[in-house]
Amino acid sequence: MKKNELLIELEHVAAHKITPQQAANKLSKTDFTELNYAKIDTAREKRTGYSEVIYGAGKTAAQICGIASVMKKQGQSILVTRVIPEKAVKIQKEFPDLDYDAVAQIMTLNPKKSVHIGEIAIVTAGTSDIKVAEEAAITAEFFGNHVTRIYDVGVAGIQRLFAKLEVIRQAKVIIVIAGMEGALVSVIGGLVNQPVIGVPTSIGYGSHLNGLTPLLGMLNSCSAGISVVNIDNGFGAAFNASMINHLAVKEKIK
Amino acid sequence: MKKNELLIELEHVAAHKITPQQAANKLSKTDFTELNYAKIDTAREKRTGYSEVIYGAGKTAAQICGIASVMKKQGQSILVTRVIPEKAVKIQKEFPDLDYDAVAQIMTLNPKKSVHIGEIAIVTAGTSDIKVAEEAAITAEFFGNHVTRIYDVGVAGIQRLFAKLEVIRQAKVIIVIAGMEGALVSVIGGLVNQPVIGVPTSIGYGSHLNGLTPLLGMLNSCSAGISVVNIDNGFGAAFNASMINHLAVKEKIK
Amino acid sequence: MKKNELLIELEHVAAHKITPQQAANKLSKTDFTELNYAKIDTAREKRTGYSEVIYGAGKTAAQICGIASVMKKQGQSILVTRVIPEKAVKIQKEFPDLDYDAVAQIMTLNPKKSVHIGEIAIVTAGTSDIKVAEEAAITAEFFGNHVTRIYDVGVAGIQRLFAKLEVIRQAKVIIVIAGMEGALVSVIGGLVNQPVIGVPTSIGYGSHLNGLTPLLGMLNSCSAGISVVNIDNGFGAAFNASMINHLAVKEKIK
Amino acid sequence: MKKNELLIELEHVAAHKITPQQAANKLSKTDFTELNYAKIDTAREKRTGYSEVIYGAGKTAAQICGIASVMKKQGQSILVTRVIPEKAVKIQKEFPDLDYDAVAQIMTLNPKKSVHIGEIAIVTAGTSDIKVAEEAAITAEFFGNHVTRIYDVGVAGIQRLFAKLEVIRQAKVIIVIAGMEGALVSVIGGLVNQPVIGVPTSIGYGSHLNGLTPLLGMLNSCSAGISVVNIDNGFGAAFNASMINHLAVKEKIK
Amino acid sequence: MKKNELLIELEHVAAHKITPQQAANKLSKTDFTELNYAKIDTAREKRTGYSEVIYGAGKTAAQICGIASVMKKQGQSILVTRVIPEKAVKIQKEFPDLDYDAVAQIMTLNPKKSVHIGEIAIVTAGTSDIKVAEEAAITAEFFGNHVTRIYDVGVAGIQRLFAKLEVIRQAKVIIVIAGMEGALVSVIGGLVNQPVIGVPTSIGYGSHLNGLTPLLGMLNSCSAGISVVNIDNGFGAAFNASMINHLAVKEKIK
Amino acid sequence: MKKNELLIELEHVAAHKITPQQAANKLSKTDFTELNYAKIDTAREKRTGYSEVIYGAGKTAAQICGIASVMKKQGQSILVTRVIPEKAVKIQKEFPDLDYDAVAQIMTLNPKKSVHIGEIAIVTAGTSDIKVAEEAAITAEFFGNHVTRIYDVGVAGIQRLFAKLEVIRQAKVIIVIAGMEGALVSVIGGLVNQPVIGVPTSIGYGSHLNGLTPLLGMLNSCSAGISVVNIDNGFGAAFNASMINHLAVKEKIK
Amino acid sequence: MKKNELLIELEHVAAHKITPQQAANKLSKTDFTELNYAKIDTAREKRTGYSEVIYGAGKTAAQICGIASVMKKQGQSILVTRVIPEKAVKIQKEFPDLDYDAVAQIMTLNPKKSVHIGEIAIVTAGTSDIKVAEEAAITAEFFGNHVTRIYDVGVAGIQRLFAKLEVIRQAKVIIVIAGMEGALVSVIGGLVNQPVIGVPTSIGYGSHLNGLTPLLGMLNSCSAGISVVNIDNGFGAAFNASMINHLAVKEKIK
Amino acid sequence: MKKNELLIELEHVAAHKITPQQAANKLSKTDFTELNYAKIDTAREKRTGYSEVIYGAGKTAAQICGIASVMKKQGQSILVTRVIPEKAVKIQKEFPDLDYDAVAQIMTLNPKKSVHIGEIAIVTAGTSDIKVAEEAAITAEFFGNHVTRIYDVGVAGIQRLFAKLEVIRQAKVIIVIAGMEGALVSVIGGLVNQPVIGVPTSIGYGSHLNGLTPLLGMLNSCSAGISVVNIDNGFGAAFNASMINHLAVKEKIK
């Protein structure tokens, strides 16, 4: 609760515009919708600039439909991440409005189509990292950002990266997605003057440890200006990049 | 090498303004100064917006002086991180220009004093995290950012955080520094609409694993919009935050 | 063997009320029932206040039926945890008395229905943690406790937690169940004056390490008064909470 | 802020007993004292039943004195944990009121001496675990609990445990402290009907991993009713046990 | 090659009983049978007292049949470990002589039936550990040892162990098999005067880490006289125990 | 870009043999072919002596066909690793030219058949390591090396190794492939004067940690002259060995 | 308590030879001596064949003297392990009877000198492992075993091992001590028909992980018949070996 | 023992040139010198091309002098690695012939000065890696290789690497030494056609895990042709590189 919000209500009470009970209700109103299995944070967009996102991995199709149903009624945009194809089929039966992207495994309703601004570059080291990259790309587009995709420019053939460097440098913020040892993040970090967000992927085997190796590598990058999100977390990187991009173009999402 | 830079030189050669050998020298010039033990990246500021930073931990006092000496001659600003007091004494004997901050363990020369812009909030969970926070704060100030320090507002007494929330929300970007379990990052992440950079610290014991516990915690935050840097890496967080802050106020450091 | 139990028998022998051999048999009696594959601890309820619980995960349907059959004949209450649906079907074919809860994956017979006392609050951070929460809830009810369920109040939308705080504070003991980074435990721990039992869940991905991340986080909580059980161990948390709740209401289960 | 607290103030405003500004100040009052390097949570005792505890490990002697000085002025009891002898000497020079226990490495002022209630049993596996046990014991006594110490009854000589079992069973709650493999926790857990709090210690070598081995062992105990705190965290165990003990004797600390 | 073996041949050569070439062939003979995919160590029994054992897990049914076929022709006893049921069916089609034990997942031919000696006690903490125990038991019997099975006497109901202690003490060597935290090993180790071999099992969940927890626990046991084998390695424990048992009864297997 | 390459073009421009734009295009030509999902590094053979290899594990059958199709048109040799049988079937439907080896799980087109040189010894500890060994062997043969296979000579029957030592010593470089504890690498390393490349395999169980155990073992070998590649990385070992072998016979692959 | 011991006392009571109270005292006698900080297990020798051993690492000099003093009065042999030189000096001041071995860091009083039997071979891979080997050797001699030391025969120069093989084979049981990768254990295990006890040492660096690497290696040995103790645990290996050796020569220590 | 060596001796025996006992002695001669604490492998140079190297870290000054003394008498070259300055002083007092390099912490006697051949490039990412690089460089020179040092060309300023690429490409084999995330290895691996040996260093902090991060990174490099040695193992890399270099120039060290 913000201080001035409180003061305003107190003055209304002092002026007898509203009763103490009405003010109490208003000030202590629970800013969420309660379902049996979920409390939907309907104030999040106001508070953080972004509506609640549904993490699909741990929820049943029925639960996702229930939550989406509430959000749709409230006129919110809907983004559901980590929806495997079988679950998507079940959801679309009950909720045909939700679009499904099978590569990114994301469902959406009413993304912010018309206000795309700025530029987020999404760069991958290999072809195998594209799944995570698309999760990032579709998320970024959902939140109203322009996205440039530059895929498969890993350091084993570094001339591919140099050929794309000028394109990459036009972005406000750069997401770099890499499995194996994740070296691409450090190389790009040393060549640009934008913030770089590293996304390690689980692509590898043996001592790759399902992505811990590039995660540790990115956290210990010799290039400054790099921050990191969880393994395969294309969504998180895009969310973060969107915040930065919107700061950069002075257009905060309301 | 940028494409148009190449084309310009080629045209000069075609016009016989310069000889092929002169053009070759110019185009292949090595943008660094070579010492016995170091190659100082004198082009970094041009390339990334930031001059080279000297990581003091792995270098002798003599090596630091040697590198700083070259950079000073080139008129560069100098930032040396991770300098323990004993080493600082040795360095200042030979190089009295370098200021030393004993809490942050940073030495500086000619920071960008006059152009401080925007606002970076640096928040710590506890008193013990201040050392890392000051590394971040002094780095951020060195690179020309305003800094707001909000220390010791961890979630064990969450009313302290709420009392400071309006101040925190005025920043362009927020650095959250926490040891123990690092929960403060998630709580702040859920309450603001700016990018949050988490810095886990090595403050804790036992299963804290010297900071791996808050590092893992921050990477798995339930709040979106959070990215993470290495344990105790106040410098890295500030560098990243500076890039974002400068993007946000449309004043790139040259 | 308790000292006075021994003395009583010795006096009976001295008084020739029973023969030495009878006393020896009585004193060295094995307080368990022996099957081919199990030794059922029939004295546990007397010793610890709780009858033996069958851990279903490592046992065949036939073994579970065999053990349950012995316990039923002895008039004991039966709780079988970690029974997957396919196994439950097999068991119910042979043993239709056992009720099955498909969310909690628990089978029960004759829970302590009438003597529910006190109050245990079971709080989850997300919808995905409900499976573990129900294992805790049904276990707690089986052992005669009142349970209040407060689900999906994670710190990403912290106003949801504050709205439920008064309800939570009415419990004698609080179980907090969270995946991701597990920050909810620290936040609640800082706001209440009851013991809090943290249950990390395996909900997450990448560096979540199947629950090690929230486990480590909870063990390193900056709030005091928190203890922790194994990942996904809803049963263990409820068992522990039941002991505390019964202490608190001065009604030990016999 | 509690709902009825808000309503009361609103009614006072409506009745013009206080001005809106006065009510606003009162309702949004920050319940902490602000120092340069710390925000002392002066409302914690009211909120959680326990005053703030100073974690000494990460603070300078000067910082500890500063915080203690504020707390003393407010009439609070003071407990400082993890104070190594050298730091204790420095502190006592400036702040002679603070008592120091060299085994437990704890400093105290005004513990709750007169209201000791209930009984907490503190059991160790070995002689080497006593340091942690004393941290627990002095903490528990500070918060007004009776403590029974039972040291060096590890399972290598299990008859020692059985000889003390009746004493242990008289406690309301049992703290078991063990290094090596931590087996004592499981053995006691199987023999009592009180909640058991396990404290793994860092006593061991090689694959002991500084206490991770008994920590993991206790979390995976085959006995139910056990919860665990961080390695060497005698303080945390005692804090938790104190909450349970006070619940059990129906005397909450105010 | 043993020294006297060499000397004997040299003397035969000096005496012209055999030619140098014959002696060279004899002395450098390769003591194994070569297949395309395996080199069967036909000298192992002579060298170590035990014939080669076929580790079934990494081999195809065809490879197992090929190796077993060679060994059968040479009159060797055959033991194949880690054969899952599907593979066993395939093998028995081609090689019906091989007996299959579905619990232990072991195939055998011509075990040393008549010369069983000494006594190996195989003790498990729970019912779920029986699979590993049977791998140990059948291996031990295959190599000519008497085996006593004592299953499900874990420390959660320690009176079960005490009831069986006299039986356990009659063995020459004791194998203790336990999952969870593996505490049973330490308790038995403190009560007997025989060597104890600990076998951690993968029974558990969460921070059990697939058996690493009891493995670490057993390696750090507070009881002396304990050695440990790999997780679930019933075979290895039995092999080791057999060597000790045969030493103890002075009857080496030939 | 090599310096003299640049100078030559500059002189051509000065001599007006080509226009500045033509020179610019030539000098900045992107040495790769761009597909939607991949950038094929067509300059790799020129740069590193080896054409690009397709890592099949993270790609769809369609992607592999697309890349192979481009490479075939350019007359390159093709090697696809880690192709599981189901995927191989799909690929061969569309691209019947590609041969498939089901043990090595490798597809090839136009390996360098006629120029096999030198000798690479590939040694395995067990039968179960053959899959990885064949990945190495077929890769080595693809790149024009002679290969000697010596399988199943692990140290449990060390006479098998000694019998093959002279054959092993004839190679220019030795690849040693071992699971379990990987001791074979150290033993061979102590007996030969060639470089030894260790390949740990994922063959084992329990504390084998899917190959981390032999990986760590090989990295810590007491024998000098050993280097190591990732777990199960037969391809990487063969690639490295091929480079060494070709150096040794003074015949670089062009 | 053994059953017949109980029966005998009961019959004495029935025959009125002793009073019930006397029998109760006798049967429930606590078989340990209680100090302030320790409970000395005076029954251990009777129960396990070996007197209590004092683990010196976690105890003060004063505590060690206190315990040793009690044991000496009871006529027990004394073995104190892990005593660093500084502590040994303090102890010998108060307790000059205790001999100190500076390599093994062991103190002893009254070892079983006259009854040395059998033969334990103690083999090390390198010179650096001798410290652990001497801990084992002196422990084994203390408990009445003959010891053969064979040091520095690691597999990098395997002919050294073969030269000593006949000596090694004369032992009843073999302790193999190795750091680095620990391969020596597997090689010896494949060449002998005695039980082998592996002791990993902390000798190594980098990915050696302070001994975890050879520990894991030994647990995964491809040779059967090997069991393992904790890193650097020369004492534990010797204790175990002593039990086996005494079994083998049919002379149990009383 | 080689086959033909055996045959020759047998024929000598058959021809009565030598007695059977003389032949036996000759054939079973132990190829090492035995000290109290070490068995010096005097045959290693003959067997592997390289004399024994003394690993200084785990040995006392006295032991190093003893071993060096034997080797000097036998006319062997001597290389002692990992000698800290204090130990070097002690050694040089007794053994002034040994040269000491304080950066590399290596002592040498009679390196192969005159026969330096080929070229090994030693490349470091940073200034802090020089210590490990010098261990490699001096080792390589000791074994008769030319060495080119290229220090501080990490990827944060990648133009430094490109400026040195032609020099690097002139080597037969390349050692790349890097801390932080170790990305330099992958970048170089993608640009050259020589074998690359990666050496991770312990330079870093926090999640760097003392070098595990670059070790894992190098093992998972996206560039082929890379093999890896232990953290900080400059010696091992140089030893391996020397073998390859000598193969390449067809001049084996005898």
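Per-chain residue numbering starts at 1, and chain names A, B, C, D, E, F, G and H are given in the order in which the chains are listed.
Here, contacts are C-beta pairs under 8 Å (C-beta built on N, C-alpha and C of every residue); 3 or more make two chains touch, one makes a residue touch a chain.
Labels paired with UniProt names: A, B, C, D, E, F, G, H = NCAIR mutase (PurE)-related protein.
These figures come from a predicted structure and were not determined experimentally.
Student: By the touch rule set out at the top, what is the minimum number of steps from chain D to chain H?
Tutor: Tracing touching chains, the least step count from chain D to chain H comes to 2.
Student: What shortest step count links chain F and chain H in the network of chain contacts?
Tutor: Tracing touching chains, the least step count from chain F to chain H comes to 1.
Student: Would you say A-F or B-F is joined by more C-beta pairs in contact?
Tutor: Top pair by contacting C-beta pairs is A-F.
Student: Any idea how many Å lie between the Cα centroids of chain B and chain E?
Tutor: 59
Student: Please report how many Å separate the Cα centroid of chain A from that of chain H, as a whole number.
Tutor: One centre to the other, that is 50 Å.
Student: Using mean CA coordinates as chain centres, what's the chain A-chain D distance in Å?
Tutor: A distance of 40 Å separates the two centres.
Student: Residues of chain E that contact two or more other chains, please.
Tutor: Residues 3, 28, 44, 126, 156-157, 190-191, 206-208, 212, 215, 219-220, 224, 230 of chain E each touch two or more of the other chains.
Student: For this structure, enumerate the chain pairs that meet the touch criterion.
Tutor: Here the touching pairs of chains are A-B, A-C, A-D, A-F, A-H, B-C, B-D, B-F, B-H, C-D, C-E, C-G, D-E, D-G, E-F, E-G, E-H, F-G, F-H, G-H.
Student: Name, in rising order, each residue of chain E that touches chain G in their complex.
Tutor: 2-3, 44, 47-50, 53, 166, 172-173, 190-195, 197, 215, 219-220, 224-230, 235-237, 239-240, 243-244, 247-248, 250, 252
Student: Chain B touches which residues of chain H in the complex?
Tutor: Listed in rising order, the residues are 126-130, 151-153, 156-157, 159-160, 163, 179, 203, 205-208.
Student: Using the touch definition up top, name the residues of chain C that touch chain B in the complex.
Tutor: 125-126, 154-158, 180-183, 186-187, 189-191, 204, 206-209, 212-214, 216-224
Student: Contact residues on chain B for chain F in the complex?
Tutor: Result: residues 1, 3, 6-7, 10-11, 13-14, 16, 19-21, 23-24, 27-28 of chain B touch chain F.
Student: Taking the complex as given, what residues does chain G use to touch chain D?
Tutor: Result: residues 28, 30-32, 37-39, 41, 43-44, 52, 55, 57-59, 63, 200, 202, 210-212, 215, 230-233 of chain G touch chain D.
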